[in-house]
Amino acid sequence: MIAEIFMAVGILAGLGLLFAIVLAVAYKKLRVEEDPRIDEVEEMLPHANCGACGEPGCRVFAEKVVANEVKISKCTVSSQAAIERIAAYLGVEAGKEEKRVARLLCAGGRKEAHSLAEYAGTLRTCRGEAVVAGGPKACAWGCLGLGDCVDVCDFDALYLNDDGLPTVIPDKCTACGDCVEICPKNLFELMPESRKLIVQCKSLLEGSLAESKCSVACTACGRCVADAPEGLIEIRSNLAVVNYELNHLSSPEATLRCPTNAIVWVEGQQFEKRPTVWLPLGRVEKYTEDI
Amino acid sequence: MEEKNIQPVMAQELETSSFRLISTLGLAGFFSGLVLVGAFLFTRPIIAANRAQALQEAIFKVLPGCASFRTIELREGRLVMVEEGAPEPREGEEVRRIYAGYNDKGKLIGFAITGEEPGYQDLIVAIFGYNPRKEVVVGFEVLESKETPGLGDKIMKDPAFLSNFRALAVEPPVKVVPKGEKKKDNEIEAITGATISSKAVGRLLEKSLIEWRPLIGEYWKEYKKEGD
Amino acid sequence: MQDLLWIFISALLINNFTLAYFLGLCPFLGVSGRLETAFRLGLANIFVMLITAVCAWGLNTFILPYAPYLRLISFIIVIASTVQFVEMAVKKLSPDLFRALGIFLPLITTNCAILGLALFATNKGYGLVEGLFYALGAGGGVTLALVLLAGIREETKVLDIPRLIEGTALNLIIAGILSMAFMGFAGLFSAGG
Amino acid sequence: MDQPTTIEKSRTAEEFLKGIWKENPVFVAVLGMCPVLAVTNTAINSLAMGLATTFVLFFSSLLVSSLRNVIPKQVRITTFIIIIATFVTVVDFMLAAIVPQVHKELGAFIALIVVNCLILGRQEAFASKNSIRLALADALGMSLGFTFALLCIGVVREVLGSGSLFNVSLFGAGFEPWVIMIMPPGGFFTLGFLLLFFNWLQKRRREKSKGDRQATQYEEAREFL
Amino acid sequence: MIGTAQNELKDRLLTFRHGVHPEEFKELSNHQRIERMPFVEEYILPLLQHIGAPSKPLVHKGQRVRRGDMVAEPGSFVSVALHTPVDGTVTDVGLYGHPNGQMLPAIRIKADPFSTQQLDQPPQRQPEELSKAEFIAAIQQAGIVGLGGAAFPAHVKFNIPEDKPCRHLMLNGCECEPFLTCDHRVMVEYAEELIDGTRILQRFVQAEKVSIAIEANKPDAVIALREASSRAGFPMEVVPLKVKYPQGAEKMMISAILGEEVPAGKLPIDVGVLVSNVGTIVALSQYFRQSQPLVERVITVTGTAVRRPANVLVPLGTPMRDLVEFCGGVTEAATRILLGGPMMGIVQKSLDTPVVKGTSGILVLTEREVQDIDTFSCIRCGRCLEACPLFLNPARLGLLARKGLWDDMEDYNALDCFECGSCSYVCPSGIPLVQSIKIGKAMIRERK
Amino acid sequence: MVDKPKITISTSPFLHDQVTTPRIMWELAYTLVPILMAAVYYFGLSALLVSAASIAGCLVTEYYLGKKGPLGNPLRDGSALVTGLLLALTLPPGFPLWMAFVGGVVAIGMGKLIWGGLGQNVFNPALVGRAFLQAAFPTAITTWEPPDGRYLGLRGTNLAPPFYQGEPVDALSTATPLAEMKFNQEPAALADLLLGNISGSLGETCGLLLILACLYLIARRIINWRIPAGILATVAVFSGIVYLFEPGRYPSPGFMLLAGGLLLGTVYMATDPVSSPLSPRGVWIYSIGIGLLVVLIRIWGGLPEGVMYAILLMNAATPLINRFVRPRVYGY
């Protein structure tokens, strides 16, 4: 009985000691210097080493989180609070910059810009239309309105309004640039929110020709140039261009006499808050009915 | 420059904790050992009793009429009866044992033998009773198997199958035949849809008998000599 | 020989650790998203299992006969520490190998499959050589399952998996179908046709 | 123990409840899968496993949270494992002594509680950082959630796979059991479809809260494309 | 005569692996002699009618020009000059609809209704007298580009590097696209010029061997060219090839005739071959013998919705609307307008765009032929793999494109695809494979 | 005048081959009719009922849970019908109808819809259904009855009430040729295997019809010829080698080819385009793999038949094959 107890305790303590010493020595001898933030983040992780995050272990996950390769929320074991703590910890490091949002440089929705033909392809995406004679719209620069940008936005910051125009919700937009990349017509630009004077047109056609294709096209009439402070706006290739280096001079004044409303003063959201169609009808969705 | 700030702190932490961590682990091991020994000592008799009871039940089942049993061990090529109260063999020690069953009059009526054999899924471990006088198998019970429920596990439940072992002759060697074709005493009628498991049982009996029958034969001779 | 083959095949296909014994499912479900990672995790698994088999056998023959109640705790401590030590050694001796396999080691050590291997191998009373074959089969089986699942999961990237079932639910069902397919191996080399 | 404040009281309840539903270790976090699938072929086994896990989780949390300021960082994990392994061994012995039949069925999976990601995860993520009170609430909640999940799976598998519940035959003679349900694939399928079911519940709840107007518009939009 | 040729063609014909057999529809126009398009009121000359940099305009609004005058000069080495096909007045230099769907700079010329529209005849330039550099420059000044479809500036292609001798000059008379017959008619009606142009080019590139590949469905062209070559005493092999799409793609032609593959990312000249369309060669001859720069080309106007399918010699810049009117206009059923053949042609939103150098045909189709088939998911039947002449995996590319996995697409060699359309043609699930691949290629290029 | 007509735009090519996916599916379904008729000839009404139940399971599931295809109704493309028919053809004649229905539901639900529907599944749906049935009801699915000419007589177990076992009234059940061979080393006559006068699942008995169907489908380019070629050649060669070692114990290659589900599986199931590899080289690997697994399971495995498992296992490997075995691109 007593012998049993001694043996048990002896063996366990022995094993414990032995390996503790081995590991302690190894820990010191074999340590490699790394970004101290990795340790910090790892410290805040659950250490379950369960692989649920898809990474081979907590440390590797921490490395990737610090390197911004994966999202911290991938760790399903951490509580929400812990995740926020880590995000906050890393967020402080990230620093701050003026908030930017994506702006659409076209206002030619279904009502304003008319089409020459009907798209009959089965691939109903903007990219798909764009390779087919540049899309059915008369204006070769304008938005195709099939919402590739809406699909690609991970933050639900975009929806198609009922005019078929993708509308950015500034509060949700993180300026990730995905929509800028996907749009085949290059209609998005990431702008600081302080830029409020925006020309919502990219058509390089002159005056009446432009207007014949889209009722909100810039006709290069020059009124905004005249109404704005010197040098703020100029006409280049039949299009009004705002010189944002002089952004501090801008005011809604310049937009007042625009005959087509191609130049606008944007506070917050770009297009009217019409009744909206949220568009999680990604391409995937189109094929996939949830079962 | 930040690094510099961090470095000494970490080094220091390591320095101081080296002793502490070893001692923490040592202590944890110590207490855990205590708890474990306690739990072990407390439950050991109960667990042992459970085991013994399970064993006894199995032996009684495969040796009808059995009222008590003694453990017999294979030592140096001979079967030797294990003394009462001898310590259990340690885990990991290789001992080969069978059990001798006695009826209520204290007469040796047969032996319970365990054996194992790969079946349909995994090893089948079973115990069976062997009557050396008549040279027949008198009972059979599966101890462990992973055979398919409803199919292969009939080898442990199906009365029809188990009835094969009421008096199964072991000479000529046991043979498995399809259902409905049993003609001789040494044949086991297979379970339809589970021929593999049935055959595994057959092989299990055959192998164990080849191993143990000569030994039992000698033991039996000696016993009879003594008895007579 | 026949026995060793059977031990190996049984652990590899018939009683596949992942698909039939449900061991090591967490990494199986978590780290099977990319084929490359899954394969390396599998290799690391084989490696750790071999170490485990040796540790388990050693403990079982030299220490546990004296203190059977320490089985679990000593397995886990010894295996975890040995693997951790090996990890550090590998990191120092061969950084390449470490990058390829070493990063998986922490994930594997505290994993059911490893401890399961130790427990099963000792339960079945395997000796050192048998234990090693068992480990090889089990590790190979885990690798096989991981690689197959990872291949299928990579394929699902181009499929229109319904939203509702995406993720773990689908992975589980795929694992179930794989497990069903592996049932075809039952009785391999044991039933003697 | 210091007197708990009201805030702490409400937090206790919250920590307790979250494990059962919102952060259910099985359905939401998908943790500790091995026992979840391996031993749930009958309701009794599920229950036994759930209780065994509860026992281990409860006592390890208790110990870890009371010792949280004593254990040095570097050996934290090792110490936790020692603590957990100790309790697991105790449970193992106890089950073998009290319910040998169940112990035999659960087999090595009792021992495998040691490496159940859930347990170590809770120690790391919660018990080692919170007061005893909260740690216990968390442990209880999590293990209840775990047991609940096991039981769900166990019930489905037993009813279909054996035609019985807690060993009580439900359908009478002649019932054709769905053998697959008590075999490995059945485990995967059951959990898979339960997860599917919970996803569906969640989706429905989300849709309800969004309001019907948008739902119809969503449908319309779908028609439109 | 024709009968024997056909018999000969029945023998085993050379061809390439994979490919498809669409219905030909050539009988609509393959017996129509080439007609000359009368001059119309207005011409629009886009500055970009070829691959490479756009031409630079030399004229201004209001300037008077004579037929054959250079109105834009090459913008760089990979660029050619542009000439006006008519006497008239420049009315605008601005943005106009281009066949590719964009609005691009173009010169608009109002034709002089009283002009004779005769070409001024500057002094003849004999190609034999020119040095290599002069020859190349002359072709560039003549505005000659490949008329086989891609409109690659001819002088760039003919300017073969010293270290890559041209062993084999191959003329491309396959015209594998259904419907199109312009090359066919050119071979029959301009056989003389064709031989002459070939002789000029062969002398220049010092090709050891000259052959012309013709799909076996044009036996009269085979005979015409055999006769012309023996008449002219110019040895030239006329090789009939199996009728299979895209036999006319140069890589496929080389595979068929030489059994060699052009290594990926390389040009035919890397295996010692120079491929040129028959129309290009005729333009070459016309330039050197008649001093006519590239101001007109033969175009097939056809399709089930065209009232009078025809092969027409059209001044470049002619608005499609006028050309179609010349061929009787279109029927009510017209729904789709294409430039080029039905397999690779580009679709038009309206008939307002002008004919350019690369236009080989105008096709107006009805609902019946173009009915887009229903799109199912890919069933991985592998038909597209067995159709793709480049041995790509279109099914995979289509799947990847659908999910926006552009990097994987690049890995699966999306950039090698030459958009022949064989895969979409055979896909039983009606998957827009070529479109998907086009999108993928655009994305991959943008991201680089 | 010209702009008046409705101008539509789409992308090249503007011509299309006549073959469409629904047509492929329907044509395949037609070729299954003779095989089904042979089953009716051998097993009578039971064969029809079992097929109807399995098809009903498939169609109902597809109809209610499937997504609308371009044809609207998800059943119009015919693929669910094919799945249901093929599943039925792998079931024994005495199979309870409710189980056949369940099999159909599982085949479509788990084999197809959770993957996203037509064309997306990694595993062959009919075989997923059958594997499920085999694992769920191993006894029922291994109870075989001989072709006994009872055209109108139902097998007693067919009409078992849902969730209950059938009454095994007629204890007529026999072993299939494969089981006879495996457990008793008694091969059946090849002529019987060819004509179908043996017990087995509905569609597998008549070898001759299956061979004809195979030739027709190859000629119509509906199935890839490499798959039957690869599987059958591998099985013949591999089992031939084994046979030469111990002819008495192991089955002859001829028997291996004709017995059991090999022909049915080879012609209709291994060839499922969706779950087989794309490139020709990949297809060779796939089919040789199936051949090897079939022989392995049949000769050394626990089960007499392994076609289904062999196909499912190679289905599982197909994504890997597709990934690592790609066609050589022109010019590389």
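Per-chain residue numbering starts at 1, and chain names A, B, C, D, E and F are given in the order in which the chains are listed.
Here is the rule we use: a residue touches a chain if its C-beta (ideal position, glycine included) is under 8 Å from a C-beta of that chain, and two chains touch if they have at least 3 such contacts.
As the structure is a prediction and not an experimental result, all values here were calculated from the model.
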| item | value |
| --- | --- |
| Chains contacting each of chain C and chain F, listed by label | A, B, D, E |
| Chains in simultaneous contact with chain A and chain F | B, C, D, E |
| Top-ranked pair of chains - ranking by C-beta pairs in contact | E-F |
| Relative to chain D, chain with the most remote C-alpha centre | E |
| Maximum centroid distance from chain B, chain identifier (CA atoms) | E |
| Centroid distance [mean C-alpha coordinates] between chain F and chain B, Å | 44 |
| Gap in Å, rounded to a whole number, between the CA centres of chain E and chain D | 69 |
| Inter-centroid spacing, chain F versus chain E (mean Cα positions, whole Å) | 49 |
| Distance between chain centroids, defined by C-alpha means - chain C, chain E (Å) | 61 |
| Shared interface positions of chain D, touching two or more other chains | 30-31, 74-75, 78, 82, 85-86, 89, 93, 117, 120, 179-180, 183, 185-186, 189, 203 |
| Residues of chain E engaged with two or more neighbouring chains | 346-350, 370, 372, 374-375, 377, 396, 402-403, 430, 432, 435, 438 |
| Chain B residues counted as touching two or more neighbouring chains | 14, 21, 25, 28-29, 32-33, 36-37, 39-40, 120, 148, 150-151, 196, 199 |
| Chain pairs that touch, as defined at the top of this document | A-B, A-C, A-D, A-E, A-F, B-C, B-D, B-F, C-D, C-E, C-F, D-F, E-F |
| Residues of chain F touching chain D in the complex | 96, 99, 110, 132, 135-138, 140, 160, 163-165 |
| Chain F partner contacts - residues on chain C that touch it in the complex | 35, 147-148, 151-152, 154-156, 159-162, 165, 170, 173-174, 177-178, 180-191, 193 |
| Partner chain D, residues of chain C touching it in the complex | 19-26, 29, 69, 71-73, 76-77, 80-81, 110-112, 114-116, 119-120, 123, 163-165, 168-173, 175-177, 179-180, 183 |
| Chain D contact footprint on chain B (complex, rising order) | 14, 17, 20-21, 24-25, 28-29, 32, 35-36, 39-40, 42-43, 46-47, 50-51, 54, 148-151 |
| Contact set on chain E toward chain C in their complex | 377, 396, 399-400, 402-403, 405 |
